[in-house]
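Here come two complexes built around subunit A, the first alongside subunit B, the second alongside subunit C.
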Partner chain A sequence: MNSNPSPPAGKSFKGQAWTFDFTAGMIILLAILLFFIFIWNGLAMRWNSVNEYRQMQFDSLFAAEALMSTTGHPSNWETLPAINSTTVDSLGLVNGRNELNNLKLEKLVSINSTSYSFVKDRLGLSRYEFGLRITNLAKDSTYHDFGRFAGPLNNSVVFERLGMLNGSVVLVHLEVWK
Partner chain B sequence: MKCQISAEFLVVLSALVFVFFIVSVIYYGQNVSLFQAQDSTAAMRNAYTISFAINYVYLAGDGAQYNFSFPGKQSDENITINNFSIDSRRSHAFASAPLLTSEVDSSSIENVSIIIKNNGGGITFEQ
Partner chain C sequence: MRAFVTTFDALVALSFLLVISILVSTQSFQLNYARGVYIYQLTHDAISVMQKTGRLDDAIDGNSSAVRNILESTPEAVCMQILIYDNSGTSVASLSKFNCGETVSQLQIVSMPFTAHGNRYIAKAQSWYRKGYS
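Here is the complex of A and B:
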């Protein structure tokens, strides 16, 4: 018996796993893994942005409710000489629900340049920018304007509510954006 | 016959070990980030759940009350009430939700079932 056989013609006894098939398999496996990682991260980012937008909606809803259904605390905050964290606890713009108080609106507009951040904080909107506009129903006449408004490209949350101002129905436009 | 481990086999084995290592690292990283994301989501959900309840009671006006149950709270989760915010602090996450009032008579929420009351604009808890 031959103890050291020679391979058949055209064959080899060398290891044969390190072939084109193996490297191609590895590359495909890594490509699939990378693909799933990118998909996963993309979904996570999308889910985060949806979640942030929902939070912004909830925060905007409460801000709109606070403005349109409370007087603020103290209820005569518009008469105070200084509007800051020691004098005003919460902000509201109405005498009764949806019945806007013109003095409160004028005071809010007058502190636009000095107390914008404070107003945002008190409405629970410190993480966002916001703007408030009171117009007639046709939106062709603006009575009061406060804050900053988003451009057309911004992903903003908009609430439009009806209110009464000096005996006439007005549109209250609240816009929150980031 | 002597045992024969060819150079090709060693190369293939090292390639497999390397791939396995890479996959393990990726799996571990994704697992940690998934766990943190879950914790963060739960903290945010809890902070907002309580913030909704308190804000609704505040907006409903004097005399309003709400029986609030809170099944999602973990035993090691700290929920504190700060100036105009509810903060939820978990082992790997922190979340905050806004409040419309700072007149809340408690600085933390311990129980999973509480009664939230509006007494003249101030919020009180029965825990």
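Here is the complex of A and C:
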């Protein structure tokens, strides 16, 4: 005994089968497309964040190098009565490579509250926050502190450089974050 | 049979696609270049301050504590070694940061000539990232 109903005379189920096949195919295709859009979106977001971090690393490298190997321009910027975009072209903290100038450091610290944005701008760090700390090698004594510090943030760039201050070797802790 | 082969073919292709997608999405993006430049700068700093503060002279005389003090003050992720050669190429001092294995990642080398007690020497500082930090 055949339980399947017979199609009416002159018609068949073939058309229904094709519609079902087409619908199933479209659903699978849509699922695959959505999957790839999801993956691609995730990749694009990660790639953007990696690029942003890479840019921050490079900007930090240049800032650290400018501070640790140049005097700034003009070289006596720390003696100027006003520190602004018309008087100072670039900032540096040393007399010679790694030889930190205490007067430049003191001036930098003294303009922390008034010229933080200007200092960031001159170091090429205007898009980020920035902190600079000079400590002894054991890190238990801080000599100078400038800017803002992120604390234990994952997306901050932290560089420690070595310098000399008043004949002693010191650690220059540079922190750039967003 | 033909439908089975087509379905099987599609499944194999989709599996490949899925595996490739998963591989691509789980890739970690490396940021090695800037890190390499950073340890080069740090190595340059180290050898420069050692030379300018007379620590390299002390190391030649057998007093290595001041050099070691700087080596141990470098960031935990970084390993550093200082080698000093006289003008005949003979090693006169070799100092390494403690607990640094042989694993070398992004090795950076800075050499600097200097004079101590009227003799000429070459100081060579090399740095790399410690295992687990590269």
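The rule is short, and it goes like this: the second predicted complex is superposed on the first by the 158 of 178 C-alpha atoms of A that agree within 3 Å, B and C clash if a C-alpha of one lies under 4 Å from a C-alpha of the other, contacts with A are read in each partner's own complex, and residues count from 1 in each chain.
The rule we apply is simple: a contact is a pair of C-beta atoms (placed from the backbone, for glycine too) under 8 Å apart; a residue touches a chain by one contact, two chains touch by 3 or more.
Remember, it's a predicted structure, so these values are computed and weren't measured experimentally.
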Overlay on subunit A: subunit C relative to subunit B, clash or fit: fit
Where the C-alpha centre of subunit A sits as vertex, the angle toward subunit B and subunit C in the overlay (nearest 10 degrees): 100
Partner chain in contact with A:Asp89 - subunit B first, subunit C second, else both or neither: first
Which of subunit B and subunit C A:Phe58 touches, first, second, both or neither: both
Minimum distance between Cα atoms of subunit B and subunit C in the superposition (Å): 12
Subunit A positions touched by subunit B in one structure and by subunit C in the second: 58, 65
Residues on subunit B engaged by subunit A in the complex (per definition of touch): 6-9, 11-12, 15, 19, 22-23, 26, 30, 33, 37, 41, 44, 48, 52, 55, 59, 84, 97-103, 121
Complex contact set, residues of subunit A against subunit B: 14-18, 22, 26, 29-30, 33, 37, 40, 44, 51, 55, 58-59, 62, 65-66, 69-70, 73, 89-90, 121-126
Of subunit A, residues touching subunit C in the complex: 32, 35-36, 39, 42-43, 46-47, 50, 53-54, 57-58, 61, 64-65, 68, 97-99, 137-138, 159-164, 167, 169, 171
Subunit A-touching residues of subunit C, taken from the complex the two chains share: 14, 17, 21, 24-25, 29, 31, 34-35, 37-38, 41-42, 45-46, 48-49, 52-53, 69-70, 73-75
